[in-house]
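Both complexes shown next keep subunit A, but they swap its partner, so subunit B is in the first and subunit C is in the second.
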Partner chain A sequence: MWKFIIKNTLRMLLLLWVVSVVTFAMVEISPIDAVSAYVGEYAVTEQQQQKIAEYWGLNESPVVRYCKWAKNVLHGDMGVSMIYRKNVMEVIGERFGLSIVLMGCAWVLSGLIGLFLGIVAATYQGRLADKAIKVYCLLLESSPSFWIGMLLLIVFSVRLRLFPMGLASPIGMSVSEATLGQRLSHLALPVLTLSFTGISKITLQTREKMIQVLESDYALFAKARGESVWGFVFRHGLRNVLLPFIILHFGSVSELFGGSVLAETVFTYPGLGNATVQSALKGDVPLFLGITLFSTIFVFCGNLAANVLVAVANPQIREGGNRGKRSKKNEKVTA
Partner chain B sequence: MNQKKTLLEVRDLAVSFRMYETGLRQRNLQVIKKLSVSLHEGEVVAVVGASGSGKSVLAHAVLGILPSNAIISGEIRYQGELVTDELRRNKLGTEIVMIPQSVTYLDPLMKVGRQVRGTKGTKEQQEKAFERYHLKKEVAKAYPFQLSGGMTRRVLVTTAVISGAKLILADEPTPGLGEEDALETMKNFRELADAGAGVLMITHDVDVALQAADTIVVFRDGMTIDQCTKEQFLAGKEALHHPYTRALWAALPQNGFTVPASEEEWRG
Partner chain C sequence: MENVQKRTKKLRLNRRTRTILVFLVTMTILGCITVMGLAMHSDRYGTNFQIKNVAPCAVHLFGTDWMGRDMFMRTVKGLSTSIFVGLLASAASSVLALFLGVAAGVCGEKATAVFNWFVDLFMGVPHLILLILISILMGKGIKGVTTGVILTHWCGLGRIVQAEIAALRNSQYVLAAQKLGKSKAWIAVRHVLPHVFPQFIVGLVLMFPHAIMHEASITFLGFGLPAEEPAIGIILSEAMKYLTTGTWWLAVFPGACLLFVVCLFELMGNQLRLLMDPYSAQE
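Then we have the complex of A and B:
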């Protein structure tokens, strides 16, 4: 147990270090100049620009700057965001609060819909329902999520006026002031858009696994014992498709994060994905690095959760893992 | 034996599978051409034939679990009644049961006890059956992958007996078992038959089957070509009519392992 925790902590630290170096290097070679991105349209003299650069410490070599930044991070100081003029941790905290609601809803929704569609398609394999679901999945898989987002905007908010165009709360109102209903109506379209990215993969994967289960010997045996198809699906099918589902769905957290950047941009939803785009475009290195590290931890935890959950849920791993303990019990059973 | 009630009567069963070759050309693959067999209460019938000769299809046809591309003709009667989907709905899993051949017929992620109970059995029935087959109570809480070969065999048998089945179809019950386990399985079948059930055993192992069977039905090339009693078979070559059955007899280890020199000898 301790070995597992230490191993994974070391692994994560190593990953964070590599990611931070690569991100820093990429920001460094990117053509965006932080100072000119910051001053934008304002008429600023060369001298003033020099002063800003000096103030931000941009005149030092990249290696020195990285080391300084890393030292501060190790002391718990992620620096100050240049565009929001706030502590990086504070910005991430605020933004993540909004994003996690969006991603969480989309994640749960795509999981449930995907699982349901996959099971239905497999159970009616080769029939109309199966074909319809497959076509739907292929369409979904081949359309980019930002395009789906725009389509939803055109239909539901421009034409039908059912949902707002963007933001997380009505204009002129902060999120904390908005009512639950208002917040939900602002969430609906982004959640739907984001969930679409996951559905088809989960549906097709679940369908494939379920077909395997339905063609298994134990499915034949269940049928020979007079169990109905849907009875079998609920009794044996679900538990057998659940393991691959957990791996896939927890492993898809990274795609969810990537998808949220697009979805939040389309719907101007003020979450972490939006902040990522802003910080990158405006050369806000501290914030950008902060978000990158944060998302790395987030995705790492998602994958770790998948591994742990599968080990807990699968009896072959759970009870096969501690052979020493079990062999004693086994002797008793066979005797 | 004859005055006992007939449990299962299969007459002129033929099964073929519709297959698609390149493009849309259809081909029917005939697996069973003409199969007739009958089974009475208290009787063990062994359908013997080479591996891959389509014997299992017989059991699947009775149970109605053939794939959807199967074409079936002929008559299957259970206690004189034509076997229909309606009848299967009522009797499968309770009166008509199948004993599968290996651990793959168990759900790998469900505890054994719950699987033995199935959807129709109770906990008491399961515990009683476990006791009868010398399975410890803990086995009910084990997963299939934790069972030894012999235990798996007994667990599979218990799935059939918990509900007091009348017609038991056993599909290749012995492959992969050691001699001891195989003989024990035969003993179990004999006991079930002596208690009034009818056991139809599908096997390629004549030697083991003889331990329990009353009647041997020889299946070859999609047809039942011969039928004889255990006594006839044990009596030896002279008591057997069909050349193939004689060849089967001669091929047994205790009868000298003789394999006919040419096909003509047993073609008949």
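Then we have the complex of A and C:
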């Protein structure tokens, strides 16, 4: 157990270090000019610009600057965001609080819908329901998520006026002041948009796996015993579908994050995705670096959770039998 | 039951014919769009303030926008750009995947470890953030988007190729070739490549939808093609600003066209995949 924790922590630290170096280097090479990004639209003389550059230590070599930045990050200081004029950590924390609500709801929703549709499609394989679900998946997979968001806006906000156009709370009100109902009405469309990204993959995979299960010998035996189709699906099918589902759904955290960037842009939802786009567009280097590191940790945690949950859910691994261990090293040790 | 099967057999074409049909239809449509887009004079999608905000009608199929630009022409032009970028990027990315996968598979365990580590690195950062980063690094524009898509899409296919080859490495005929003193490059080209080729083709076709979609997303966010170019992402991000004015056609039709093109490719890829798989090829 300890070995597992230490190994994964080391892996994450190594990953973070490399990501930080690569990202830093890329921002360094890129045409983003931190000083002009900071100055913005104000008229500033050449001299003043140079003073800013000097004050920030931009004249030092990139390696020195990277070391300084990394040291500060290790101390929990990621610098000050230029566009929000706040500590990067503070900005990320604030924004992530809003984003995680959005992503969490969408994630749960897409998981449930995907699982349900997949099971229904497999149970009625080749029938109308199956075909309809397959077409639905194809359409969902082929449509850009931001376009779906715009369609939802056109129908529900512009035409029917059921939901607000954007933001996380009514205009002129901070999120903490808004009532639960107001927050939910602002969340509904973004959550729906974001949930669409994951559904089709999960549905198709669940369908495939469930068909395999339904064609197995024990399914035939259960049928011979007089088990109803749905009884079989709940008693045997679900367990077998669960493992690949967990791997896929927890592994999709990276796509979820990407999708949230698009959804938040369409709905001007003031979350982390929105901050990502703003920081990249306006050349806010400290914030962008911070978000990159943060999102890497986020994705890593998602994948780690998938691995751990699979180990917990799979009795072959949980009971510690040799059959479950696939890695070569373990085989060598036991042999 | 038998009756039903007989009937469907008569009605339905087999998978091979269907695949060829889908392939031909897709190619014709794509060809038409690309040729139309390339040959189109810029007047056709230019501004004309006399016909501002016209709803879809017989003359302007997709309506016109607030500057009187014909949306149908803009969409076709935009699609042709998107298809071009998508094809280029997915082709280059899958060649990269093939090259890296073969290299990792043929060169032994250490190379595989390095390869896996790189894949982990690329998969560790959210796709979209990496794309934004690379695009900015390359100075945005077509160059930025294409490089970004190429560098971020090889991981999945690369893994498949590598796994396939790892399984091949200890097969009798590869071992025999090694004992006969053939070089690694010779084995890679003569024995390994033909084996992974079907997977590669399917991967290539299925990568296109992702490539074109990511191109549109990145452009939509403002890190892709420049604003004066009529790309689908640009059209949609401009339409975003006019959503509240009730000009729904600005967003609906261009997006639907993109959906259509991507759908065709997705269908083609899936048909190809089923055809390559001996279990489902004869269905």
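Just so it is clear, the second predicted complex is superposed on the first by the 319 of 335 C-alpha atoms of A that agree within 3 Å, B and C clash if a C-alpha of one lies under 4 Å from a C-alpha of the other, contacts with A are read in each partner's own complex, and residues count from 1 in each chain.
Quick note on the criterion: contacts are C-beta pairs under 8 Å (C-beta built on N, C-alpha and C of every residue); 3 or more make two chains touch, one makes a residue touch a chain.
Computed from a prediction, not measured in an experiment: that's the story for all the values here.
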Touch check for A:G231: first (subunit B), second (subunit C), both, or neither?
-> first
Which superposed partner A:F221 touches (first subunit B, second subunit C, both, neither) | first
Is A:N314 in contact with subunit B, with subunit C, with both, or with neither (first, second, both, neither)?
-> first
Where does A:V175 make contact in the superposed view: on subunit B (first), on subunit C (second), on both, or on neither?
-> neither
Determine, under the contact definition given at the top, whether A:R239 touches first (subunit B), second (subunit C), both, or neither.
-> first
Tell me which partner A:A305 touches in the superposition: subunit B (first), subunit C (second), both or neither.
-> neither
Between subunit B and subunit C, the one with more contact residues on subunit A is chain C
Subunit A residues where the subunit B and subunit C footprints coincide none
State the interface residues of subunit B toward subunit A in the complex, per the touch definition above.
-> 63, 65, 88-89, 91-94, 97-98, 100, 102, 104-110, 118-120, 136, 138-139, 142-143, 145-146, 148, 151, 159
Okay, in this complex, where on subunit A does subunit B touch?
-> 216-218, 220-221, 223-227, 231, 235-236, 239-240, 243, 314-316, 319-320, 326, 329-330, 332-335
Which of the residues in subunit C end up touching subunit A in this complex?
-> 120-121, 123-129, 132-134, 136-137, 139, 209, 213, 216-217, 220-223, 236, 239-240, 243-244, 246, 248, 251-252, 255, 258-259, 262-263, 266-267
Which subunit A residues qualify as touching subunit C in the complex?
-> 15, 18-19, 22-23, 26-27, 29-32, 138-139, 141-147, 150-151, 153-154, 158, 165, 254-255, 257-258, 261-262, 265-266, 276-277, 280-281, 291-292, 295-296, 298-300
